[in-house]
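What follows is a set of structures to go through.
After this come two complexes, each holding subunit A, first together with subunit B and then together with subunit C.
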Partner chain A sequence: MPCFTFYIFNRKGACQYYHEWQRLKPVRSGAGSQEEDFKLMFGLFWSMRALSSALDPKNPAKQQMGAPQRIGDGCSFNSFRTSAYKLHFLESPSGLKFVLTTDPSVGSLAEALQYIYASLFVELVAKNPLYTPGEPFLFEPFSAALNKYMRTLGLLS
Partner chain B sequence: METINAEIFTLTYGSMVRQLIADYEDVEEVNKQLDKMGYSIGQRLIDEFLAKSKTQRCADFRDAAEKIAKVGFRMFLNVTAAVTGWNAEGTECSLILEDNPLADFVELPEQLAGLKYSNLLCGVIRGALEMVNMEVECTFVRDVLQGDDANEMRLKLLSSSTETYPFKDE
Partner chain C sequence: MFDVRRIKIEMALLLNILLQDFVQLPLIEFNDKLRLASSWFGMCGISAQLSPMPDSSGIQLLQADTFDLHSFHTLTGTTFMLLAEPQTPDAAELLRTTVYELYCDYVLKNPFHEMDQVIKSELFDQNLVALLQATNRRWGVGVPQQ
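This part shows the complex of A and B:
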């Protein structure tokens, strides 16, 4: 079962959706609390993006470290891999951030995250009248479809 | 993409506007409500637009206006708009709609002369752009239903904000 956790953050840094399939090391012995965990995760990709666009050797309009960025400014990263897990990341121009952690052996999931955004999030969340944009949500059809999709990707048995 | 019969859409919109007029009995208030409804639609619709058109970040407001006119209107209303009337700073422009599917079969009676029948569209644009950090003002300045020769929406960029780290450093 090589996928671990999944997060959706809104553009203000609040976690809107969290799901864990497998988390052998409980949050308590990691970040401390679930809330801290969300904050750390947000801080992680926030800094990753700031660093990667500050070091960008290609873009002439490169940002200075710490300069305020507009949504989607600079370059975004797609994934990083450690010896224990791999983190896949997708940010939409509207500032939604999708994070998926899997086993390090998994290949690129950029397409898969785009699919989750376009076909699952938009169809089952954004079009759900009970959803308030930017607020946390827990919709059974979305969770079910997500699980099903992870199974078709072979990430979930 | 999923489509529905254009006439059903037009007629549904028409009966909704009628209902609003019956409920509020004040044209100004109806305009305001239409804008508000559009705003909520726009906040949701932006993700559908971005996800399905795979649009990346727009370079500037000019680019954004083009995308709305050429891709956005095509995708949701199956029409395209022309972008004209830029001011020198590139912060104001007009969207000209040749064909407004919302207003097919519509005639406005005289006592409703102040009604901005398609004001919903302005709200949608405002709501959608806000989600990509562009605050705009959008108003109908010309409307075929009012006897003008074209449908024109005026877009004005108020501010485009930056992303800031939302948590305080401890």
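This part shows the complex of A and C:
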């Protein structure tokens, strides 16, 4: 059950952190370039979120698709699956988006992403004095802790 | 690639039945269904393009906070979509086998059915409703009154 890639986006849609463990289909044959890949990925889960809040069958007072949404409003989505991979998604109350792609056989990783946000990102990145909110970062302790956590989940050998 | 027009029809059809006949749910207007279906088509394409692994299909299952959206692309290009409670077991299997069979039997074998047009077949509607009601009953969901 391998994990493939990990992204953190800020609230404006710029990618702050990207790590790939395994990527058998290179970016060049997908989106074209790395920047293009980030843009498409942000667009994909942004519209996925708009779709799921427009489709939400349990909320009678929902907005139309495409109407502006505040962070945390409406029904969000947790994951989607294709035949080749599964994408897990978490949006923090401050608008940071965490995206993890894994093998399609992996179960729900909502709690794992919550842990990555609360115990790894907040402790090792947000509390780091060198971190500027919203800017890309590369901190060795965070990357090491992320790798270690993936290993404890059994997603990385 | 699959035919956009067909996706719209199936989505509209399945949403119609689910939203109106099974549980009382807030309605989505017909135009909204068409818009949702076409954005779904686009998202399927982008998700296959962004895949970290080669040979990805479109999206098969979307898990949201309050529902699961199962989507099944047939080899001929028709797309069936089903909204279900989160963690509903067998929903994907139901689409892939029984619903597809009903579609073949009552829609494709109907000599008056025109391809790529809205499906108007009473027998198909009846059987689909009966099938989904039986499934709901098996999982203990209250059977709505007709």
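The working rule: the second predicted complex is superposed on the first by the 156 of 157 C-alpha atoms of A that agree within 3 Å, B and C clash if a C-alpha of one lies under 4 Å from a C-alpha of the other, contacts with A are read in each partner's own complex, and residues count from 1 in each chain.
Operating definition for what follows: contacts are C-beta pairs under 8 Å (C-beta built on N, C-alpha and C of every residue); 3 or more make two chains touch, one makes a residue touch a chain.
Quick caveat: nothing in here was measured; it's all calculated off a predicted structure.
Upon superposition of the two complexes on subunit A, no clash is found between subunit B and subunit C, which fit side by side. In the superposition on chain A, A:54 makes contact with subunit C only, not with subunit B. Contact with neither subunit B nor subunit C is seen for A:154 once the two complexes are overlaid on the shared chain.
Look at A:77: by the touch rule set out above, it reaches subunit C but stays clear of subunit B. Residue contacts after overlaying the shared chain place A:37 against subunit C, while subunit B stays out of touching range. By the document's definition of touching, of the two partners only subunit C reaches A:101; subunit B does not. In the superposed model, more residues of subunit A are touched by C than by the other of subunit B and subunit C. In the superposed model, A:136 lies in contact with neither subunit B nor subunit C. Panel annotation: after superposition on the shared chain A, the angle at the CA centre of subunit A between subunit B and subunit C (CA centres) reads 120 degrees, nearest 10.
In this overlay, which is a superposition and not a single complex, subunit B and subunit C have their closest Cα atoms 13 Å apart. Comparing the two interfaces of subunit A, the one with subunit B and the one with subunit C have residues 43 in common. Across the complex, subunit A is touched by residues 19, 23, 25-26, 28, 32, 35-36, 39-40, 42-43, 46-67, 69, 83 of subunit C. On the side of subunit A, the complex with subunit B involves touching residues 11-14, 39, 42-43, 46, 68-73, 92-96, 114, 117-118, 121-122, 126-127, 131, 133. On the side of subunit B, the complex with subunit A involves touching residues 43-48, 50-52, 54-58, 131-133, 160-167.
Those residues of subunit A that touch subunit C in the complex are listed here as 4-5, 20, 22-25, 30-31, 37, 40-41, 43-44, 47-48, 51-52, 54-60, 62, 64-65, 75-85, 87, 101, 108.
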